[in-house]
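Order as written gives the chain letters A, B, C and D; numbering starts at 1 within each chain.
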């Protein structure tokens, strides 16, 4: 199956792209994507702890199962609103 | 001595004037004014309980002593701001 | 800025008055004329004020806020005259380094404004009657 | 109205979005770009968002407020792109029958916005350095 993966903010900078299509095996989960990114760029794994993931605009876990056409995103720590 | 007395809102309506000059004896206090108004319009006395007085833009008591040129006001219950 | 006005209030007057490059939080309160008071249909409102004393009391409230929270940027404006439904009767703006204190200070300013600032409201209802209101009650029908 | 925009935010968008004849209280929060973060001089900010998810999460916050306080008129807008000192990054407006709940709801909206709405801030300091920040800390210098 094919999913779209989106990278924002620091992830965008780290991976040098904002979005890509990924071909995944049946039964793939969010973890499948994280492992694939780690192979490409090992340093990204240290940020996984502080990051969240989303599937189709909803927060997801590493175990969330994926389906054809899903939109997955890596969500760095949110800093919208204001600091004050 | 001569002082200015101001009437707002419901007091303005009751007394049918918004302001007047009053000639008062030396040693007069806010009470002197209240008594004089009561003579003219006895019904006003029942509102004294819920009203406040000011002298020169500062809340005052009935015992506050007055001086030449003071600006005195009868302050009905304040309802500025909003009810919500 | 502490002001009684007979002009329309937009909120931008008070907001601009408190803006500062080191204040990241602006809390703005707008009181607007509701179409009813406790279910009684309101046609319009009339506000009257004792302007010099009202503006002095507003400044005192700002001083209290400065003493309590160290917030120095507070502005208040209150309209007088005839107000239609939906129009702004009062606007309070507070700019602060921290939003938590900003919310507290703005709420405090509104509470104090109702207590000590000499402004009076006359409600004119759709049934043709009218009255000066005091907090939570009609004070004197006219 | 729940919106991510690259245009200047004035606050009037959200205020107009919540205005209603039966709501006497409007609480508006504006977050503006400060000239410093913990004393470090800021040159400008850059905000990035995941718009569809951000707008969905804003709507969820409004639903939480409706459930908690029965307040149904909430609007939020957040800017993205480059923001100069003093410009508004976020505006939240709440219209309510009672001002006490309005203050609570507006504060709640801001707190939740920082927690769950996918928006990120990159600070560019006057020393030429820059970094993505996370709550209370620089997250990743670039």
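We adopt the following convention: a contact is a pair of C-beta atoms (placed from the backbone, for glycine too) under 8 Å apart; a residue touches a chain by one contact, two chains touch by 3 or more.
Predicted, not measured: the structure shown is a model, and the values here were computed from it.
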For the pair chain A and chain D, the C-alpha centroid-to-centroid distance in angstrom is 24
Rounded to the nearest whole Å, what is the centre-to-centre distance of chain A and chain B, using the mean of the C-alpha atoms as each centre? 72
Name the residues of chain D that each touch 2 or more other chains. 24-25, 31-32, 34, 97, 99, 102, 110
Where in chain A do residues touch two or more of the other chains? 82-84
Name the graph shape formed by the protein chains and their touching pairs; answer line, ring, star, complete or other. other
Which two-chain combinations touch? A-C, A-D, B-C, B-D, C-D
Of chain C, residues touching chain A in the complex: 24-25, 96-99, 102
Please name which positions on chain A make contact with chain C in the complex. 82-84
In the complex with chain B, residue positions of chain C that touch it: 31-32, 34, 37, 47-50, 52-54, 56, 78, 89-90, 110, 113-122, 132-136, 139-140, 142
Of all residues in chain A, those that touch chain D in their complex: 6, 8-10, 12-13, 47, 50, 54, 57-59, 73, 75-84
Which residues of chain C touch chain D in their complex? 10-12, 15, 19, 21-36, 85-86, 97, 99-100, 102-103, 106-107, 110
